[in-house]
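Here chain A shows up in two complexes: once beside chain B, once beside chain C.
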Partner chain A sequence: MAAGPYNYSYIFKYIIIGDMGVGKSCLLHQFTEKKFMADCPHTIGVEFGTRIIEVAGQKIKLQIWDTAGQERFRAVTRSYYRGAAGALMVYDITRRTTYNHLSSWLTDARNLTNPNTVIFLIGNKSDLDAQRDVTYDEAKQFAEENGLMFLECSAKTGENVEDAFLDTAKKIYKNIQDGSLDLNAAESGVQHKPSNGPRGANLGGESSGNKDPCSC
Partner chain B sequence: MAYKQSDPALKLKVDLKPFEEGLEDWDVSPEPDNSTGKVASFLQNTGLLETLQSTVFNVSKVFNYNKKQVEDNTSRERRPLTDAEFREYLDSVGNLTRDTEFRMHVYQNGVEHSLRKVVWKHLLNVFPREFNGKKRFDYLTKKKEEYSKIRDEWKRLLDSDNCSENVKLVANMVRKDTLRTDRGHPLFSDDSSENVIRLFNLLVTYALTHPSLSYCQGMSDLASPLLLVLEDEAHAYICFCSLMRRLSQNFDLKGLVLNKKFEHLQLLLRRKDPEFFSYLKYQNADDLLFCYRWVLLELKREFPLDNVLTLLEVMWASIPPDYPNMMLGIRLSDLDYEKSSLYMKQANIKKNVLNTAYKKLKRKKLECQDIDGCRSMVEDVKAEEVVPKLPAPDEFGCENPFLLFLCLALLLQQKDVIIKKRMDYNEIAMHYDKFIRSNDVDSVLERARLEYSAYLREQQNGSKKV
Partner chain C sequence: MASNEDSLINEIKRSREIVKSYDSGSFADIDESEVFDSSYYNKIDRFGFRHPEGYSETSDESKTKKKDISRLQKWDKYVKAKAGFRKDEKFRKRVYKGVPQRFRGWYWESMLDVKNTKDQQIHGNVYKNMTEKGRNYSPYIDQIDKDVNRTFRSHTSFEKRYQGQQKHLFNVLVAYSVYNTEIGYTQGMNGIAALLCMFLSDEDAFWAFSNLFTVEKYGMHGFFALGFPKIERFKELLQSLLKKHLKKLYKHMKEMNIVADTYVFKFFMACFAHCVPPSLMFRLFDVFILEGDKMLLAMGLLYFKKHSKKMLKMNDEKLYEYMNNTLPQNFGYPDDEVMTELMDLVDELQRSRTFINKLTQPDGKKECPNRFFMCNTEEIQKRIDCFEKMCIESLPNPSYLRIEEKKSPTKSQKSGTDENSATRNSKSSREMSPLQGQHSIDSADELSFSERSYIPQSQQAVQIVRSNSQPKTASPKKSPTKPAINHTVQVEIESQPVKVEKTNLNGSSVSDTDKKLARPASMYTNITSSADETNVRSSHSVNSFRNSVPSSPLNNGLLSTSHKSLND
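Let's look at the complex of A and B:
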């Protein structure tokens, strides 16, 4: 990878998966813009978001791939899994079918990413507790049985959204620290960007991170 | 395939005679004396005319496309088709007799907004051929009634207690997506706005009457510009059915046609810009899957909604007309067994004729390819890049070759910055996605037209040699 001055030292790739309409794009939007976009367009193929976060004093850029939920698009969306360090697997707590499909999403996530990919289960739309169709406890149990991290969130109110994205990053970072995630392995989903240039010379902000990183 | 038969209406004043020999193989017309062959007609029909009329045309210049040229080209003013101009393509009883010239005009200039309502129905092949103004009016009235009947039927069902699960499921799926389609546009912005309801009605009707396809995400994007322009639910539905005659294959579960389109796009990029293609290949991005939405929705989401209307009409005009059945017109439903079986019979006959013609052609092609194939194998060993020939217009892009050139223009627009920043696979995909709903229609169209003319020219020269 090209070396150069960056205002972050790692890039983590995330994918967001789950049935159509469970709120994947809204979660992403809430995380990157801190707003609820009720009428955000349904996703065709894939869309993206980025945000720079901080874990243990390290700046990390999240590259988030928000995939389409409709079954018909699976063949294409599967191609976007490659090299994901984190997978957010989302269902809608008010629609049981979206929960029932989790095992098939999990199979895809396991088969198409590397063994160290952190999978985080999100039960979205927690603001709609009155219409709840899936209990917290059963989802929690499912998560434990499958070794997944788990939270109920609301893209609408923002509840727990930040935590889901950040906890995933913390876990990935921990995996790097304890050596279980090999950065040099192909498709690890993590890139280390040593910031060897004087940071002050590079006026912060998103765009400067990408700016002509290679002088070779 | 859309290029069903050579069509006397396609004959142009300019006699190009691009195929002096071997025409028999192409000719699937029932009236041989009247025909120039479908590809020949096609070549004449589209950008080639512009190419030949331009006195300063120079193939190598177009290949070494540069910015200045586009600027030169853009400086030529393109004035959208006006009502008065459109009337010139009609005869005294309002029959669109000069369809080819009409399409040429639209391909070059687009259409004035107020006229779109009329013109789009023609571009989308809503009317059987040689329908005069009176017949078109009666036909629309009849189709509108037919549509209202189907729609009211499922609406009644949906409100009743004995509504089937399937109908509910479809309605829910469509509702979710219509609430998430083009809501940024003033005409769709209100939840209870008429257009949102119309979009819902149109899509549920289509899904229920086309059970083998049902509803697929993406359809709402294809339908919303139609509603915006036609301002009539039934007319938009008729246009949508007609559009889907060509595009339903994009939603096929096996994705065979979509795969083919990607294969062709790769080929085109590889041929037009080997340098960029090898860069993408090096980054493992040569599958071009980040263009998925572009191809599936024919670029509908890549431009601001108000501007994409021009791009759509120009693109539709680049495709030869494909008139519906003279007796029945557009089929509004697959469930109409009596009518549909009749239609199928006729479609099969046409297909058979086409198949034989294609087979003959393919055999010929294979013979050529065998030689090419051997040569390329030998050269592969020498580690030299042999870029395969581009398919002929009636194969290229599976009925919409011009779309590939529009995609090419979008791809090349970002080439410099992608290479300069040495973007990797992820960054490339993210970079292109940044331009969703905000690309510039005019510059993309200009560049695509240039490249397309060059391709047609090349094809013409190529087939002369054969």
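Let's look at the complex of A and C:
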């Protein structure tokens, strides 16, 4: 482990949302473990994943909350939206219903996060092009109309998965640089590490960071 | 409007395709990512779970296997006991020591009173009717299908898409989704149902599942009901236990912002499946069936207690990693040790008055079913109407379902063979237990170690009925004006504390029960007849379904609202 109290300078909090079975947990697993989990059980409640990435020479720790997709779990998962710097909103390109539900997910995301939260639309299962039920163009248009970033990915092959997570981080970082994201604001979803520990009382499980990460 | 209808028709079409896929056991274009790669996981443990190359049984496990065999005789005595067996302290210890794999099905079935529950159905076979209804009209088919295919995929009987136990699990969940219409289907129910399906036939699994939901001792209804009221309550309870018994760890986890939602759902909804290795998972489920919901809290506490030293040194990231990846593979302690300590802990907690008080004070209504079971919710009714309008023929039950006809005596239930019979241990246990279920729970034999009494669900129904039949004034209020059974029909049960005399509760034979049910059944006729009207409306094409609809929603503890009152 690197010297010093932290080997990263920022913590960004992400949340992954979308209908059940669209591949949220598989995307997370592909991103953190770099492999596809074929026998991935469905998420009960919420799960947590993390990975350190680098953006513009800065080490950033991503804390990613993965949520259960079934409608009735929203009561639980809603509390994890707060203080998210990035929201990955996922649908399955082979199931139109999951695409049709995006507007309701988007409403939640808009209402429960702060205005600067970067929302990234992911059309998952791009490897199953033969069974495609949602075209790239219409999703692209939906994304543009709503000011979302957009990519089609495959948690199975790994295609574009890295980019989706990284592009979101780049955008957040850019927002910090140009001052549109106020780090001191509560629930910015970002913590700046090196100076004096945690900032803001973000709900939802940020490491408070006042302990040296164990290196035993 | 039209588009709404179109999407409903599309959904119905999709649901029917799914149902047919399970019936035929194949699907034209199975997505290869949905097929579990069994070539890599080619080592199979004694429970049927696959492991990757290089897996070998631990010495602990092979010891357990030997002990399992040496215990067969002792357990055989329980099985053969003509007058039923005493669920006494000795029996309790036996369960903690380990239920032999071979008797597990028998043990679950008798503890969960499956036989009696089935026997006390008075209007046809509920499971049969519910599978048929569910397969045609359940609004949850797509969701259930998605989850069936991600339930215990590393288990040999669940690995094949649309085949083997996946079929049975699918039908049990679909049937339950139109039976307990207050819940329908909540993600997480698949785990428990799958466990039961590993050792019981569909119909038995259905009733065992149902009793886990509605019998107060387990009260799983509250874990899955909308808003998850019991999860919330148990989360608080577990937190207060951690605070009291593992102060340092509690503080550490708080500092690390470890979110309880990441583990409580798995603990309580799935009884620690996916939190511990399979060998321990089965044993924990055995204890859950023995002790009821308090076990979940005791085990929750023990889970952290056993690893508290290590966890204290971990940051959030490592803690999550440890809980999600390490412990499900290797719990780090022999199962027997965990079991012994669990028993001690359950005892210890039981001695604590404050704990028991908190445990037994559910937020009444929220955690119990408040609605009649088997009613047509709006979503179900929409589908029934659509079937009628579009003249869609309803799908019959498939032949692979083992549904016992009510009249036939239960002695030989070996009807129906299954392509997957190798894993159906229940069969072998059946052969050894001709008397299964005949041990009615009489008062002396009641789980003396249980704080709350075990009340077979079907008998609860009797109690509910009685509570309603007593005050005559309560009945006219009900539903003549209502066009159909729907969720607004409620019975105000809580308002009348039911006095349950032990003598009534226990040892009532089936015929007694039927007599008791007879009168209230007529009391409910208005509801029943309105149910029939509903189905008449959807006549023609759904005839076959209508005929199979139970004529009364009364049987089988449709309401367990009486949890609380029964406890008084």
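General remarks:
Just so we're on the same page, the second predicted complex is superposed on the first by the 191 of 216 C-alpha atoms of A that agree within 3 Å, B and C clash if a C-alpha of one lies under 4 Å from a C-alpha of the other, contacts with A are read in each partner's own complex, and residues count from 1 in each chain.
Throughout what follows, a contact is a pair of C-beta atoms (placed from the backbone, for glycine too) under 8 Å apart; a residue touches a chain by one contact, two chains touch by 3 or more.
In this text, all values refer to a predicted model and were calculated from it rather than measured experimentally.
By the touch criterion defined above, A:192 reaches neither chain B nor chain C. Once the two complexes are overlaid on the shared chain, A:35 sits clear of chain B and of chain C alike. When both complexes are overlaid on chain A, the residue A:83 reaches chain B alone and has no touch with chain C. Of the two partner chains, chain B and chain C are each touched by A:70. In the superposed model, A:21 makes contact with both chain B and chain C. Of the two partner chains, chain C is the only one that A:131 touches; chain B does not reach it. Contacts of A:13 after superposition: chain B is touched, whereas chain C is not reached. Chain A uses residues 20-21, 39-42, 44-48, 50, 68, 70, 72-73, 75-76, 210-211, 213-214 to touch chain B in one structure and chain C in the other. Listing the residues of chain C that touch chain A in their complex gives 7, 11, 29, 31, 33, 36-37, 143, 146-147, 150-151, 153-154, 186-188, 190-191, 226-228, 255-259, 261-262, 264-266, 269-270, 274, 313-318, 320, 324. Taken together, the chain A residues at the contact with chain C in this complex read 20-21, 36, 38-42, 44-50, 68-70, 72-73, 75-76, 97, 127-128, 131, 156, 204-208, 210-211, 213-214, 216. The touching residues of chain A, counted against chain B in their complex, run 2, 13, 20-21, 39-42, 44-48, 50, 63, 65, 68, 70, 72-73, 75-76, 79-80, 83, 210-214. The part of chain B that touches chain A in the complex is made up of residues 173, 176-177, 179-183, 216-218, 220-221, 251, 253, 255, 287, 289-290, 292-293, 296-297, 301, 420-423, 425-427, 429-430, 433, 436.
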